[in-house]
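Scrolling down, you'll hit the structures one after another.
Next come two complexes, and both contain chain A; in the first it sits with chain B, in the second with chain C.
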Partner chain A sequence: MSYSTHRRGKRAIALATAAFALGATLVGCSSDAGGRGNADDIEAALQEESTITVWAWAPAVEKIAEAFEEKYPKITVNVENVGTGNDQYTKLQNAIKAGSGAPDVAQIEYYALPQFVLSESLVDLNQYGFGDLEDKFTASTWNSMSMDGKLYGLPQDSGPMAMFYRKDVFDKYGIEIPETWDDYIAAGKTIHEADPNSYITSDTGDAGFTTSMIWQAGGHPYSVDGTNVGINFQDEGSKKWADTWNELVENDLLAPTGSWTDEWFRGLSDGTIATLIIGAWMPGNLEGQAPEGAGDWRVAPMPQYEAGDTATAENGGSGDAVLEQSDNKAVAAAFVKFMNAEEDGTSISIDMGGFPSTTADLQSDEFLNYESDYFGGQQINKVLSEAADNVVEGWQYAPFQVYANSIYADTVGQSYANHSDLNEGLKAWQKAQEKYGAEQGFTITD
Partner chain B sequence: MSASTVQATAASTRPTQGRPRFARSTTSRGRKSIWLTIIMCVMLVYSLLPLFWLIVNSSKTQESLFSSFGLWFSGDFALFDNIAQVLTYHDGEFVRWLGNTVLYVVVGAGGATFLATLAGYGLAKFDFPGRKGVFAVILGAVAVPGTALAVPTFLMFSEMGLTNTGWSIIIPSLISPFGLYLVWTYASEAIPTEILEAARVDGAGEMRTFFTISMRLLAPGFITVLLFTMVATWNNYFLPLIMLSESTWYPLTVGLNQWNAQASTAGGEAIYNLVITGSLLTIVPIVIAFLFMQRYWQSGLTTGSVK
Partner chain C sequence: MTSAQTLSTRPVRRDRRDWTGWTFVGPFMIVFALVFIAPVIYSIYLSFFQDQLVGGNSFVWFDNYAQALGDPKFWDALGRVTLFLVVQVPIMLVLALAAAMAIDSARLHFSGVFRISIFLPYAVPAVVATLMWGFIYGDRFGLVGNINDAFGISIPDPLSNSWILLAIGNIVTWEFVGYNMLIFYAALRVIPTELYEAAELDGAGAFRVIRSIKLPSIKGAVVIATIFSIIGSFQLFNEPNILQTIAPNAISSYFTPNMYAYNLSFAGQQYNYSAAIAIIMGLATMIIAYVVQLSGSRKDA
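Our next item is the complex of A and B:
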């Protein structure tokens, strides 16, 4: 959901805390807070007066909490926004280390989840029978929340990638919707040659984007098995992406505009940034922050390496987990289910701009036939929903991805800055991650 | 180093204030340097440009923020509208954060200044065994950045059950080694030991001497430290970020960041105009405090440095 990790200039701080956080991760096995629960516990717990605290930044959560309280009047839900993404993980990790102060439920992005799983700070929701909910969710989001047969939360939203593009710019330069990355690069050259201030897209180096792009290319840079972690950013998929994207990086075809800055939104408003390869949650942000682009934007499937393919990847997105520290796990689990797997909850989330991870919502006629005025009446959800079906399977993140992303700018970011070979940056990134992983007590395999 | 060179340096680094006393001492030294003037102008623009940007952009609506030129006003002047929205957005949480910040500054910075004055004075004017040791510890403490201590402090406070309360911000703010050091050097210069001896001979207790005589002599140093701790507490970001998980206790810094982050969330309402206007409102009190106290601050600093 949020795309939040890298754009703030607090790398040093993030580094210090992330280092601290993981140091705690491997040694601190949490004690089991008295017995396992089951599905019956939930019904009983909901009939007693109690309070749960939820840490989440998605604006819909507050509304969902109100609906939950209405349905179960004895329960009070306190929703706290303690920071988006990284800020919240730092807090969460601190609370876990301190042994108290963590919420009952926390929103965690998919890429950050393994870190909390590894420190055994999340509750396995299979005990409440939530394993049966698998059919309700898309395969990619469900797999992001389950590891080694355990279920560490329910998916809240998803971000299957698609290409958002400016129809007016494409029309102006006579560009067809690019089907392959080669077409895309050619379009980039056409646009930039015609107007030196215009670019096919903006990318100044972003860890979340890079990993998603490698994901689409079929790469598996991380292979994780417990505390054995293999890192290879020179596998076929990673190289395929880097070699392709090099064409844009080395030839100066990317707008030098950082994401989520006011300049960026300005570029999206006036068309000097002609496309975005990004998660399906983007439409709401475009409408809100690039209002002048209304009518000019459209959505198309992500370009492919081979014409005719349909591969895509997840970009952003998060789920909700129950913390081991919680002394009200049954109610916390009930809330997670209400929010993500029951219509009362998911409908609120979708109304407020979240892109669903539930197949029923993704396939509902109302959702698919929705015509977006901002997108010139296009039925955008048809494209986005299809993208959700085409996410490449088998992707894994590192169990220290939050830290890894925090050092991305020092390695791959340098390739971007110098307009030089991304493969070199990826190798340096891999090396730094291997070093860190080994220091944290992981076994780094080849 | 003589007092006059210090004043000359002070004058050349802050030409904007143009106090005649300083101006005379520089001109007496020779011609005006064109290069120096140019460099100063560049520095001036460098310092004032962000402020100018802030003022210009807080007058814009969310829409015109992205569609108009960044360094000049757009058609509509929405400053007052923005201010009204800032104060009422989300049940007026900005006002709540402002109140929190004021509380942390008054209790935290005020307390820190008082403690630093008390301790600095004691160290400067009383001879006792271990003084050198205390001096070494304080000098060392000046060198440790607060950020490095934030996480250990969090764990300690968590043990004591103080996290997520106002105390978790106020207590760490009460300690200002730098302030203590400043008062110490200032007190050694500004308070003649003879006066204290005279007071003792006349039968005044130490406390009475401190509050009626020493405090008055220490006023410029006191104000200087107050200003420093005020700015530090007003701008405190990392400590509250770590300590607090309920927005009801947030200071303005953390709250504004939360507003800012909200735009990059799916379904989040972009309120950059409120973030910018809120930032402007946030710096107003600190600018006023600076303008109001700067003459104390200046004399306090220079007196400290001639030791």
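Our next item is the complex of A and C:
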């Protein structure tokens, strides 16, 4: 807010409302210019001069586009980074509402996909025979991209969860790698009692983390069938996670540091945040933003509720979808396939730090035997690749997950802020989502 | 203009007014209509609809307005900015007034340096200022954390639920004291020096001069600054929205009315409802600004 704009106060409000509203009137003119196609169309289309636009934030996409252009010289690929995650979804949603302006291909995180499926803005890639590619991908990522027998894109990367920990901190306090969450909580107490500035991990409440943790605990808070949406954040799995994590929240055992902040990376650098339970895409971020932690970090499987279990969940990760608005669906589909299912594309992705969702890459010797200097020479991909195999099946996100996540801090976040029972926060979150769902015309089931 | 003039020049003036006048005003009117009137009308139009993710668009008359007026989140947001206004605006304006008086008193050495340094924060973009204060407020690695460590004290976390509004008030005050000071200072500079000479002859002291000459003379400027600040408070958005990334649990998605409208439309795709809220806020701001202006000029009379 700047006071120079206050003079134009009403104008500013009106402009703002109008700006985001502008998109809304033009609804209804969704085009089908590209028509239905099949696998043969792709080969033909690739031999003709054409241009496609790709909205993606993953750094590798630019390079993959260059490789694609080299292979198919008649095609021009424009890669645009219009913002990461939410920022891009807002623009995408506006373009879909407006009926024009959407790219041919968009990177969409797994949790946000159902929202775009609902508005029928994504192309079913089965028509190009992409259904046969199923064997190439891990079950969890493939399932994230397919709904009701339709395939809405190909998985780009994945984030099976693991525990990243500071070996130096564990050694200092004589802590064994925790096998169960009970061990983990005990380790948290040991660390915080020894040094009040140190914590087992940081968590100020994060919707993606919460849903992933409930996923690991076997919870199914969302049951979605078309426009029927059931929400239950008090099912067995959700409660199991909340009751466990309460031990850390209520006893002040979590570093009060928001993720991705400057303070967070400093904590990861100096060891005052001793572990992270996070997706397998984290190593690159650690190397880049917490360079002082080099040599001290290690990776271990995620702690379990019962010793001997191996359950894990997906945390983050995204796929690439072809938009219904595209005039060049065949080429768009070809690019999605090149990027995610052909070695020319996936190898670039992996080189640039993306964690693959393709089983061949996950099982390749080169990948598994890679020794990370940052992780003290540990073959981290062996641990992470195993995690990819152990993702609990059957998880669903809500078809309005982007909005649900945006109000997470209003509800569950308050439990974190007050160091009080997470179950209460989860109930409030559920209630707010049910209200929104009903307002948006969904049938909310019990 | 008198009716006699109008009558005597009628045949010539009419032609000229119709064409020449519009040529001058035309370009402005077109831009004005496009960027000001059209969006307002369009927002009002939008606010009468409800577009659902499932079920599509329907005309709902005043439902969105009724919903907003019965929405506890909206009232919560409005209450918060009102509290902010009642506390922060007087503090900021008194500080600005004191600074302007000090610089105008001619008793200050290097008054130019003071003027610039108090004004400087206003030249810092609000986004940068908020990020900077965000670092300062950090109680682990920020300045607050450093002070706690150095003196072995424990300053309450400025980014916690109970202190966040104060923390934002501090940022806004820091940003805008200089701006308001400049308005007051400009008003003080145009007071005729004869008044001061007369006061001196009458043996008035410095405080008497402030009370009887300076304050009454810059009343208009005070009213203007108050109106700007009221509008600013109701539009509070940048500071909380940026701080939200580092204090997500302390700043809700409906922390201020503008943030609520923003999140409703951008996260929740409830464009229609958010348009209704924006229009209610616009009206409320207009009414309050008008009341302040009215009461300000009444005392003048």
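What we mean here is this: the second predicted complex is superposed on the first by the 411 of 446 C-alpha atoms of A that agree within 3 Å, B and C clash if a C-alpha of one lies under 4 Å from a C-alpha of the other, contacts with A are read in each partner's own complex, and residues count from 1 in each chain.
Everything below uses one rule, namely that contacts are C-beta pairs under 8 Å (C-beta built on N, C-alpha and C of every residue); 3 or more make two chains touch, one makes a residue touch a chain.
Keep in mind it's a predicted model, so treat the numbers as computed, not measured.
S.K.: Mind working out whether A:Phe355 is in touch with chain B, chain C, both or neither, as first, second, both or neither?
M.R.: first
S.K.: Output check: A:Thr90 vs chain B and chain C. Expected answer is one of first, second, both, neither. What do you get?
M.R.: Both chain B and chain C are touched by A:Thr90.
S.K.: Should A:Thr201 be classified as contacting the first partner (chain B), the second (chain C), both, or neither?
M.R.: neither
S.K.: Touch check for A:Ser372: first (chain B), second (chain C), both, or neither?
M.R.: neither
S.K.: Quick check for you: in the superposed arrangement, does A:Gln433 touch first (chain B), second (chain C), both or neither?
M.R.: After superposing on A, A:Gln433 lies clear of both chain B and chain C.
S.K.: Is A:Arg266 in contact with chain B, with chain C, with both, or with neither (first, second, both, neither)?
M.R.: A:Arg266 sits against chain B and chain C alike.
S.K.: Kindly classify A:Trp55 by the partners it touches after superposition: chain B alone (first), chain C alone (second), both, or neither?
M.R.: The answer is first: A:Trp55 touches chain B but not chain C.
S.K.: State which residues of chain A lie in both footprints, the one left by chain B and the one left by chain C.
M.R.: Common to the two interfaces on chain A: residues 1-3, 7, 13, 16-17, 20, 90, 262, 266.
S.K.: Within the complex, which stretch of chain A touches chain C?
M.R.: Where chain A meets chain C, its residues are 1-3, 6-7, 9-25, 27, 86, 90, 93, 118-119, 197, 204-205, 227, 255-258, 261-263, 266-267, 272, 399-400, 402-403, 406-407, 409-410, 413-414, 416-418, 436, 439-442.
S.K.: Quick one: in the complex, what on chain B touches chain A?
M.R.: 63, 65-67, 70, 147-148, 151, 154-155, 158-159, 163-164, 238, 241-242, 244-247, 257-258, 261-270, 272
S.K.: Using the touch definition from the top, list the residues of chain C that touch chain A in their complex.
M.R.: 35-36, 38-40, 42-43, 46, 51-55, 57, 122, 125-126, 135, 138-142, 157, 160-161, 172, 176, 179, 228-229, 231-232, 234-239, 244-254, 258, 261-263, 265-272, 274-275, 278-279, 281-282, 285-286, 289
S.K.: Spell out the residues on chain A that touch chain B in their complex, using ranges where they run on.
M.R.: Those residues of chain A that touch chain B are 1-4, 7, 13, 16-17, 20, 55, 57-60, 80-85, 87, 90-91, 94-95, 97-101, 103, 157, 260, 262, 265-266, 269-270, 281-282, 284-285, 288-292, 349, 352-355.
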